[in-house]
Structure formats: C-alpha cells, structure tokens
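As written, the chains take the letters A, B, C and D, and residue 1 is the first residue of each chain.
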Amino acid sequence: MTDTAPAIELKGISKAFGPVQANKDISIRVMPGTIHGIIGENGAGKSTLMSILYGFYKADRGEIYVKGQRTEIPDSQAAIAAGIGMVFQHFKLVQNFTVLENVILGAEDGGLLKPSLAKARGVLKQLSEEYGLSVDPDTPVEALSVGHQQRVEILKALYRQADILILDEPTGVLTPAEADHLFRILDNLRAEGKTIILITHKLREIMDITDTVSVMRRGEMTATVKTAETSPQELAELMVGRKVLLRVDKEPAKPKDAVLSVRNLRHVDGDGVERLRGISFDLRAGEILGLAGVAGNGQSELLEVLGGYRDGEGEVLLNGAPLPLSGPGSDGQARRTAGIGHVPEDRQREGLIMPYTAWENTVFGYHHDPAIQRGAFMNNAAIKTEAAAKMERFDVRPPDPNLAAKNFSGGNQQKIVLAREIERNPDVLLIGQPTRGVDIGAIEFIHQEIVRLRDLGKAILLVSVELDEIFALSDRIAVMFDGRIMGERDPNETDQRELGLLMAGVTGDAGEDPIKTVDQSLDEKEHRAAGR
Amino acid sequence: MDFATLLQVLDSTVRLATPLLLACLAGLFSERSGVIDIGLEGKMLIAAFFSAAIAALTGSVWLGLLSGIVSAMLLSGLHGLASITFRGNQLISGVALNFLAAGLTVLIAQDWFSQGGRTPSLLEGGRWAALTLPLAETLRPVPILGPIYYELISGHSILVYVAFLCVPATWWILFRTRFGLRLRAVGEAPEAVDTAGVSVVALRYAAIAICGLLCGLAGSYLATGLQAGFVKDMTAGRGYIALAALIFAKWRPWYALWACLLFGLLQAVALRYQNIDLGGFTIPVQFMDALPYILTVVILAGFVGRAIPPRAGGQPYVKER
Amino acid sequence: MDKMPAWADAVLVPLISLLLAAILSALVILAIGENPIEAFNLMVEGALMRSAGWGYTLYYATNFIFTGLAVSVAFHAKLFNIGGEGQATIGGLGVALICLYIPWPHWSLALIGAALGAAAFGALWALIPAYLQAKRGSHIVITTIMFNFIAAALLNYVLVNLLKPAGQMDPASPIFPAATHLPTFQDMFATDAMPLFRGSPGNVTFFLAILACFAVWLLIWRTRLGYEIRALGHSESAARYAGISPVRTIVIAMLISGGLAGLMATNTAMGEAERLVMNATEGAGFIGIAVALMGRNHPIGVFLAAILFGFLYQGGAELALWTNIPRELIVVIQALVILFTGALDNMVRTPLERVFVAMRKERA
Amino acid sequence: DPALIYDLGGKFDKSFNEAAFNGAERWAEETGGSYRDIELQSEAQREQALRRFAENGFNPIITTGFSMSTPISNVAGDYPDTKFVTIDGFVDPEEFPNVKSILFAEHQGSYLVGMMAAMASETGTVSFVGGMDIPLIRTFACGYAQGAKAVNSDIEVIANMTGTTPAAWNDPVKGSELTQAQISQGSDVVFAAAGGTGIGVLQTAADEGILSIGVDSNQNYLHPGQVLTSMLKRVDVAVYDAMTAGEDLETGVSTLTLEDNGVGYALDENNEELVSEEMKTAVDQAREEIIAGNTEVHDYREDDSCPVLDF
C-alpha cells in the first residue's frame, strides 16, 4: 500500500489576511482511506488551511495535489469536482430552505428543479440507511437542531460524491453522545475507503479516531505524526510550544453567605424559544461556581440574563435585595452599579468596542460613573491616566492606552476586559470563557487573577466550554442541559465522564441507555423549535 | 360610482400599475439575490429618457425600447460594480445612481434636443400603440363582461401585457428552476452558495442584469407607452413606490402584483378626484398622494403582517476581512 | 495593525475619490461640447471671486452643514438617515409657525425661538422612523424615504389649505413679520464704502451652523451620549452588554439628527425667503449624505465638504446663467461624488491599503 | 441688452414660456439684437438671476410667471436704473416705479374658445383641465364655462385641476388621466390650461379621438386636425413689445385684452377644417360685443367666484 499516491498533498501553502499571516509555508500529506487529525490553538490557521483546500480562500503561494494530480482549486466548484467535501466550523446552510433544497443547491441536474429534487430524495434515503444519517428531507433547516444541521452538511458532501471529507471542529457543538454517533459514521466512511480530515481541539478525539495527526501553531505546521506513536501530552506540547501545566494552585474555598440567589429563572429568546427553564442556585461570597455544559444549553443565556444583557423572569436576589429582570433598571449598567461585573464570552462582539482605543474601552459599561465626569463631559484625561495604570497592572502589551482595541492580540484584548471588570472589585463577577483563544502564559495569569478575586471574598460564576478549566478553577460545578441545571458536583468527587453524561441530559439512572436518552431529549427539543 | 366610471378607474389603475409592477419585479430579482436597490427610480428614469430619445430620433419604438433597456442595464452594472465587485454600501450606491440619472437625462436631453430637458413629442411609430385583443369589438355588447373585456383587458400597449405576464414568469423562475433556487439562496446565505461551488458574484450580476432589463421596460412604458416623450423627472417617485410595493409584497411575485395594483388604484383615484368627500369629511388629495408611503410604513412597522427581507440583503459578500 | 494610517483614511482616500469624480465630471462637460476648464473658471469666478458669490456659496453651505451633520450623527449610530429632506421640510413648518404666530421683539430672540421650533419639528419627523427602527426593526432607510414623501404631501396640504394667504397664487406662507428677518452678511459686513455681499442670501445662520459643528463635535467625542452613540454604531451587541439601550440611543441619535436637519429651515425659510415655500429644501437633505461621506462624519470634514458643495451649487448656478450647461450638471457631479466617496470607496481604498501594507513590510 | 427669465416650466413648454421665447426670437430676428435668457430650476435662483442680470447691465429684465413678482419686489429697489417686467405677476407700481406688470384678460379669450367648444360638442359635455389650482387658472375655467353656456345653456362643463403645487404645470401623466376621466364622463372637447401638463391632455384627446383646445401659444400644430383651436395669450407680443421699447420701457400695470389682441383664438391651416364658418361668425361677433362692452365676461379674480362653475 505504500506506493499509492496520497489522497491530498499540500506543498508550501501560505496565506495572509492583510497584515495577519494565517498560514506560513505549510506542507501536509494525507493517505487515502485514513482519518487525519489537525489540531492547534485558536487562530493557528487550521480553518484557513482547509478553506484553501476547499477553494473558499485562495492561497498566496503553494501547490495542491489531489490523488497524485496537481490540481488548481480556485473555487469550491473545483474542489467538489476533485471529490473534496467540507463541513465548515460555521455551517453554510440556507436557513429557510428545506434539507432537500440545501442538499441539491449547486448540484442540480439541469435547469428545472423537479427532477433534481426527486433524485435527491432517493439518494438521501439511501445515504441515511447506509450511514445512519437520518433527517427529514422536507424540514426547513432552521427548525433542525445543530446536530442535525451538521448531518445535512455531511449529506451535502456525500451527495456530491466526495471521497475526501473535511470536518472543521465538528464536535464543538455536539454532546458527547452525539459526537460518538458522528465518530461511528466517520468510521463507516473510512471503511468505505473515504479519506477524512478532522480538525478538533480535543486530544481525546484525536487519540480515539485518527490515524495520523498534524499540529499547527501560529500559522505553521509544527509536526505530523502517527497517532499510534504519540501521546496527548506530546501533542499538547507541540501545540503550545512548551510544557503545559493546566493546574491552578489555590487554597480550598472559604465560602460565606449567599450573595446572589437565583430562583426559578426563566428566559425566552427572540425566536420564542425558552432558553432557561427554571434555574435556581445560590452563589456564595468567596467561591467559584463553574457552569459546565455543551454550548447552546443555556449557560450563555444565564450569564447574560444575570449580566443584564437579556431580560428574564423569576427571582434574583443580590445581597438579599431583588434585582429587576426586565424593564428599567435591568440593563448592564444597572447591574454594574449594583455590583455585578461581567466578562462576556465573546470579547470582540461584546466585551470591547474594537475601533475604540484601549482607554475608551477601560470605562466601557462604567462610563456613567460620576468619578470620571467633568461637568457635562467625560473626563478623558483622567480616564486615560487610569487606563494606563490598569494596563500596567494587567501586563497588557503593548501598554499603550491610545491604541485601538482591534490592534491588540486576542490575549491582550481579554486582559483589557478583565482589567476593567476585576479592578472594579464587584461583589459578583460573571465570567464567560475567560481564556478562549488566549495563550498559555496569559491563561495562567488570568486564572490567578480569578482566584485572587475569590480569595478577596467575591462571588464568581464561571462558564467555560473547557472542562479542564472548569475543573481547575471551580469550587462547585453545576451542569446545564437544555435550560436546566441537571445537577451539582464537587470537582474533587466527580470526573469528566460523569459530567459528560450530565451534559448530555442523562441524570445517571443505571437502567437507561444514555445515547437513546440523548436522542430522545434532542428530538423533543427539536419539536419545540419546529413548533414555534 | 357607476359601472362605467369604475371601469375607467380600473383601466387607469392597470395603466398606472404597469410601470410599478415592472419596477417592483426588477427590485424583486435584485433583492432576492441580496442586492438592495433603491436605484430603481434612476434606472427607470434613464430608460425612459433613452427610449424616448432614440424613438424620437429613429422613429422606432422598438429601437427606443432597446436603448432604454441597455441604458438601465448599464446603470445596473454600475450598481453591481459598486455593491458586488467593490463591496460598497448598496444604499449609497442607489442614492448616487438616482442622482446620476436625474442629472444625466436632463443634461443629455438639453444637449441633443435643446428643449429644456425634454424630448420632442413622439409621433405614431415612436410610441406603443394600443392592442385590441381578438373579439374585443364582437364581445363588447355583452353586458358586464363585454365592457370589462373591451375597456379593461383589451386596448393596452404590449408592455402592459408583458408586465402582467412577468408575474407568473417570475414566480416560475424563482421557484421552479435551478437559477431561481440559487438566486433565492444567494440572497439568504451567499456563503452556502459559494461553498456549493456556485459563483456568488455571477449570480448577483445576473440578478442585477434582469433588474436592469425590467427597469428598462418600465421606463420605456412610461415615456413611450403612457406618455409621448420624456419630461424631466418623469418617474416622479415611482421607483420608490415600487420599492414600497416590494416590501408590501414581502418579496413575492404574486403579492407584488396585488401590491402594485393597489398602489396603482390609489394613484388612479388620487388622479381622478381632487378631494374625496366622504359625507362631511373630506380626504384631501395630498393624503391620497401620500397613502402608498403611509401604507408602506405601516407594513414595515409590522402592524399588518411582518415583512422579512432576504437575510443577506444589503450586505456585500466579504470572505476576507 | 491598521492597514492604513489614519491620515490616509481621513484625507487621502476622499481626495482621490474627489479627483476621480472631478475627472469624470470634466469628461461629461466635454461630452456635451463645452470646455471643462472654462466651466471651472466660470464657477470659481462666480462663486469665490466676488463677495456676493461667497454670500451664495456660504448660504448653500449653511444648508449642507446642517444636513451633513444630521447624516453624520446618525451615521455614528450606524443609522442611514436619508430623511433629511423631509425633516428639513417639516422643520420649515416649525419655523413658519413660530415666526408667524409669535410676536418677536427682535430677530435674535426670533432666531432662537425658530431654531428651537425647527429642531423640534425636524426631530419629531425623525421620531417615528427612529422608533420603528429601534423597536420593530423597520429599515430606517426605507421609512425615512417614505417620510420624505409624506412630509412633502403634508407641507403641500398645510401651505395650500392653511397657511396660504387668500388671493396669493403660489403655495407659500405669508411673509414673516419684519422683526424676524435675519441680518444677512450684507447687513453685517457691508459699509457704504465697501458694499460687500450685495443681495446674497448668506446670513447669520451660517454662524449657527458653525456653532452646530462645534456642538456636534462636543457631543460625539466629549459626552457620554456621544460615547454611547458611537459604541452602538460600532457594535450593537457590545452596546447592549454595556447596558446601553439600543432603543433609547437610536431614538436619541435620530432625534438629534432630525433636529439638525430641521435647523436647516432657519436658513432657507427665515434667512433667505422670509416665508415658507414649497420645496425650499431642494435636495439639501440628500446632499447631506455626500457631505457626511466626504467629511468622514467629522464636523470639520463636514464643514469643509459643505463649503465645497456650496461652491458647486453656486458655481453651477453661474454656469446655468452664462453658458448653455444646465444646472443639472451639478446633480451629476454630486452623484459622482457620492458614488466615488461612498459606494466605490473600496475601489480607491483597497489598492491604497495594499500599498501601505507593502510599504510596512518593506520597512520591517 | 434685454434679458428674459422663464419660469420653472421651462423654455420649451410649447405653451406659456415658449410664447415668450418666440416673442424674443422674433425681436432678435427683426432687429438683429441679442438677448440672454435662462430657465429657472430652483426657487433660490429667482432672485439670483434677477440680480446677476441687473448687475451685468441687462435692461429690461423680462420675467414670465406670477412667481417672479415677489423676487422682483425684493430686488427692484436695489437696481433703480433697471427696468423689470413681470408677465402674469403684479408688483405695486407706486412702490417700485421701475417695474412693469403685464396682465391678460384670460377670461375673455377663454370665453371665445368656450363658445367654440360648445358649438363643436356633440355630446353636450365639454371639459377643462387646469394646471395648478390658482385664481389665474380658475379665471380661464370660468371664462370658458361662460362662453360654453352662452352657446348652449344646458351644456355640461367639467373642470379639473391637476394639483396645488408648481409640479402641476409639468405632469403630463396626470393630464392624460384627467382627460380620460373626462372622456368617460362624456366630454368631447377639452380645454387645457396647464402648461406642460397640457401636452398630455392634447395627446390623450388626439389618441381618443376627441377635440382639444390649446393654450397660450398656438398649439394647433401639435395634432393637426384634432386641436379645435388654441386660446392665445400673446405673451410673445408682450415680450416683443418690451424688448422693442428697451430701456425706455414704460412701467406700470397694463392688462392686455381682446381689444388690443392680447388674447384671442388661433385659426390656421391645422384647424381650418374644424372651425366652421358659422362658428367663426358667432365667435367674432361675440368678440365685438365684449370689446364694445355689451357682453360682460365675469373675471373670477374680481370676487373669487364664478357664476357658472363650482370649484
């Protein structure tokens, strides 16, 4: 088998987005009938590389060989013709089209739709039997769950008879059970002789399913190894470029009274979907409560309702006093005045105004503070001085308050947000994804700051998709599923497996088949969504 | 109102709705592809001018039509250049094109004809003649239906029939053909179209070309069908009313027909009656003039069913920041 | 890193765009068989070489400053207000009512009163589109266009049926009382020895416009409200996170924008015509878009761009007077300026950015 | 040199402004003199044009349209050596001795064509399309109705106005629609006193096979054999006379009537088939009677009312 040509070979691919060099001189070979993993930190350039292979972006330099043939891939059309299919990190579906319409889009046979639709209906039926990829062909995509939308993406690729399938972080939005299902499908596909490139952040997945794995760091390919011959530790080191120690040194918590009491909190989003379905918990001074859960199960909404970003119903008491959850006095500024700080999950979309300078951003949300006003105007000089000091303390680089936020790297942007929220000494700090896309050095610093705030007797509510981070920081862990808290665990008395089941909505009754339960609860969720 | 008057009003409704309908369908193609077009007015205007001017110079209404279409498509191309190729702001581009058309038509008219920004009046041959449909005369004496057929349905210029036929044609193209599927997709999720191996740019240019074509028909009808020549600013806000009708119609062809007929009716009534007396209460003509605009605002406000525009409308398709 | 230094963005890009628009305009003039250089000389002669020319140029510029500021304040909140026309129209109604029905003792008080009235009426006219955008997501571009037409119809009704004095032919209000007549530049600066600004409509509202520029600058870059408006314009999600109410901010920004557009009527109705006529705005609301785009939404930029357009307007009027070039040439030039500085911005910007990125790489 | 300023309708409106243009051309041809003219496009231009012409020594400055009277009264005082003429406008001669206001007895001319309309009508219904709804246009309508009723007291006269703003002078689409409506109400002769809007009226009348009556200029040639006649308002004569008088122009207010051929009806090869001998005799006789003062034609402007027509 050694003399077969690689299914994919990339040689010297480079790509720059303006001043950002996303890919630098990357070469890679993937043999047919294998699953090849690609890992790397956020922003390492994985998606960019695959998008180039799929013709979505055009490389500045470099060559692509498909099945041994030099192939020009100027657009996705060429990639499809070469037998490449891709499931993007952010799905590329037409939301108000049916599954069928999405599948045939671009792959119609002839000018009229009718024959294409009929043919596709047959093919879909067959594919779903073959691979266990069942979806109703006539449902509009917007009524499908994320997991099912992903199936549509895979079906799209298979319908186009792709034998090389690229999946960009397919499990980021899936429960562990759904992910298992996906991996079974991938196994099947591999058995059929298809070639799969799998991008993921999760070392476990790499170890479980791939044959070979490549590691990317800062736009460069740092290594390609056989999975069987490596270990998670080694991969992690390759990824970040030095020894990793994801352990936070902290004293056991000394929690005091409940600062924030949440009772039966509900939230219905703009589409009429109930995102929070009666959340109750207490958050005590001097503790970190970690909220685990698969993305999309209400953790974000919970933070946002508490932070005043969204309206809610129910009861929330801060130091015994009720907080308005809608109407006047329920916005982010009122919360900050009341003593609730909020580090949002997405610093670029929410935490910062990207074109604003760093100093302007250091008062963002606090700009009504009387201390920074001079008469009718804002006291810009004072804000600037203060900002410089904060940036100094949080080691923001470069420490230039006049630089626009967009010109800082991700880690430093996060430090600006943290500096703003932590330096205010809030009674309660809501933190979402504190270290997403932040490098190891900064992660350590940020974790220390969070723990330091806890030790000052502040109450902290932490949301993170990284279970490791939840384990490392939390004094208590609550797991959310479908808008409810499924249970609460002591981090020292639980493990990732147990949390994983909770995250999938399984409460742990021995008799049930966890996977089936997941599918059921998902179906239920979907029906509700479709019914609105 | 007696039957004859009613027929007259409806007849004039048909005439007045025709340019609206053509422009509205033009906008439908463009906006369904994700390109917002507030430049319908300008395209109609320039088409009106060139169809009248060329018809006046050559004496052929067909050559006039052709040049009207070409000119509207050129403006469309400019809009495409700005909003598709250079990913500029589509609204600003539309505003600019409206001004461009308003200025250029008068400038050229003055240069060619020196008649203060109008074209000479068109003679026979330079204008669309009214078509008498088969059996119109024969059926005329039949009570009720006869006059309806004779007065209302027969006796319009060919562009009127073309406009009305465009409605089912548009529906069919949009919902029954591959091109239609892709067109609707590109207005909703251009990245889905792109990754499916179809060119977003080509699709949008195609949509815009159709938009130009239909605006060309609309303009030609205004200057050489409804009127006998071009006068300055003769579109008189019809492009905006068409846009309003498009919103009213929720971007759908059949609804567009009804919306345009409604607005045509409003115009017909406002034209015919200065102030409408409703027994002690008079509706001033200015209110009738403003009614299409008021209705549009009401629709937009979502009080009468919500209009959800194509999701990618107005946004240039940018892959690389 | 930014792709381009700030000065290039603020000065170089609009300048090149303007140059392109000018070249195309020259071609248009050539195409209609006239000499662009002569035309340009005539425009400069008529608009800038005589004090009365300046009086007209600044009169037009005053209008454009107001509408340009109006568009730019809305732009800062990422709202595209093309309703300046309607807001100014209704602003005129405010001016007329206040001048006609309140017995003012002195023009200065009348000006203050009329300015408040104009701003209030203009703001009111922006309120519904603003509210609908904020609360119900109705596209403000479409609603403001619609409101332009509705304003025209409303003014038509009011002038014809309510304000027009019996026996008068044109649909216009009565002449405002003498006490409300504003001093023109001629009244202010001309002496017997130096008859400056003779007969030109430039008047004291020009200084009001300058004041408005300064006020807008303070508002946008020195106040909390401005901070919030800009924040909302850059990112609605971030604004909401920070507790900035999008509804409130959109409505306030549009009220200010409409108010500024309305203020224009003090210049046209009170300063020039001394009565309210139909269509006194004459497209100034739309020119505000070009002015704001060219001026990069900064009051100084708006001021300069407004002067430029004032020059174009006055120069264009002179052209129409002494040559066979119709005044519509100005409409064409205006269209080209909007096209190049607004819609085709990237055509100029992208190559420039590449040049700057390449230069930076070289230096590094 | 003299200067001529046309109103917003534009030089080639085939009607009012074009009559002025024709007068000026005739003067230029006959005397070899030259004049400067401008078509206004905006309100603010009115005063500006007056001033720029005055500053540059043009004299007299002749303007068409009532809208120019206000600007003239703003400007005239500043240029006492320049003579201004406002055609259709009125400026107080006491206050501004350098202004000449020229008015016309439109009701008289309209009376004559109203008679012709009634005689030509077979349906017993005739109609009128006015431009902007102002007293001046009502004067046309009222004179027309009086003439028609004088011939046939049972005749139905329908009168519609195009609009209430200056846009009404230039809206052929609306003119056309109004005509269609009038035809459906039985009218078979339509008189258009509507500037550019009238083009649409005459066009539609020709298309639908009814007779029309033009206004201001002789518009018979627009649709030969289908325009019954035109109500002439000799703006051309007014302009010609003013230009001929030049700087020595006598100022004050003058009204041009039937008597001095300031108004009248048009007869040429384009309509000779349509105007019968009998018609001509009757109309010419009525003309004599009016001049002689035996027939009184009511002028709407006198008391803002019309004895035979409701608006």
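By definition in this document, a residue touches a chain if its C-beta (ideal position, glycine included) is under 8 Å from a C-beta of that chain, and two chains touch if they have at least 3 such contacts.
Quick caveat: nothing in here was measured; it's all calculated off a predicted structure.
Across all inter-chain contacts, the pair with the most C-beta pairs is B-C.
As a whole-number value, the distance joining the C-alpha centres of subunit A and subunit B reads 46 Å. Centroids built from CA atoms put subunit D at 77 Å from subunit A. Subunit C and subunit D have centres, each the mean of its CA atoms, that are 38 Å apart.
The distance from the centre of subunit A to the centre of subunit C, each centre being the mean of the chain's C-alpha atoms, comes to 46 Å.
Listed for subunit A are residues 18, each touching two or more other chains. Looking at subunit C, residues 156, 160, 326, 328 sit in touch with two or more other chains. Looking at subunit B, residues 117, 286 sit in touch with two or more other chains. Contacts between chains, counted with the stated touch criterion, involve the pairs A-B, A-C, B-C, B-D, C-D. Looking at the complex, you find that subunit C touches subunit B at residues 28, 31-33, 80, 82, 128-129, 132, 136-139, 141-143, 145-147, 149-150, 153-154, 156-157, 160-161, 286, 289, 293, 324, 326, 328-336, 338-339, 342-347, 350.
Contact residues on subunit B toward subunit C in their complex (touch as defined above): 38, 78, 81-83, 86-93, 95-100, 102-104, 106-108, 110-111, 117, 237, 240, 243-244, 247, 284, 286-287, 289-290, 293-294, 296-297, 300-302, 309. On the subunit D side of its complex with subunit C, the touching residues are 38-39, 41-45, 47-49, 51-52, 66-67, 70, 75, 78, 133-136, 164-166, 304. By the touch criterion stated above, subunit C contacts subunit A in their complex at residues 1-3, 218, 222-224, 227-228, 230-231, 234-235, 237-238, 240-245, 353, 357, 360.
Interface residues of subunit B, counted against subunit D in their complex, comprise 4-5, 7-8, 11-12, 15-16, 114-118, 121, 222, 226-229, 231-232, 234, 236, 268, 271-272, 274, 285-286.
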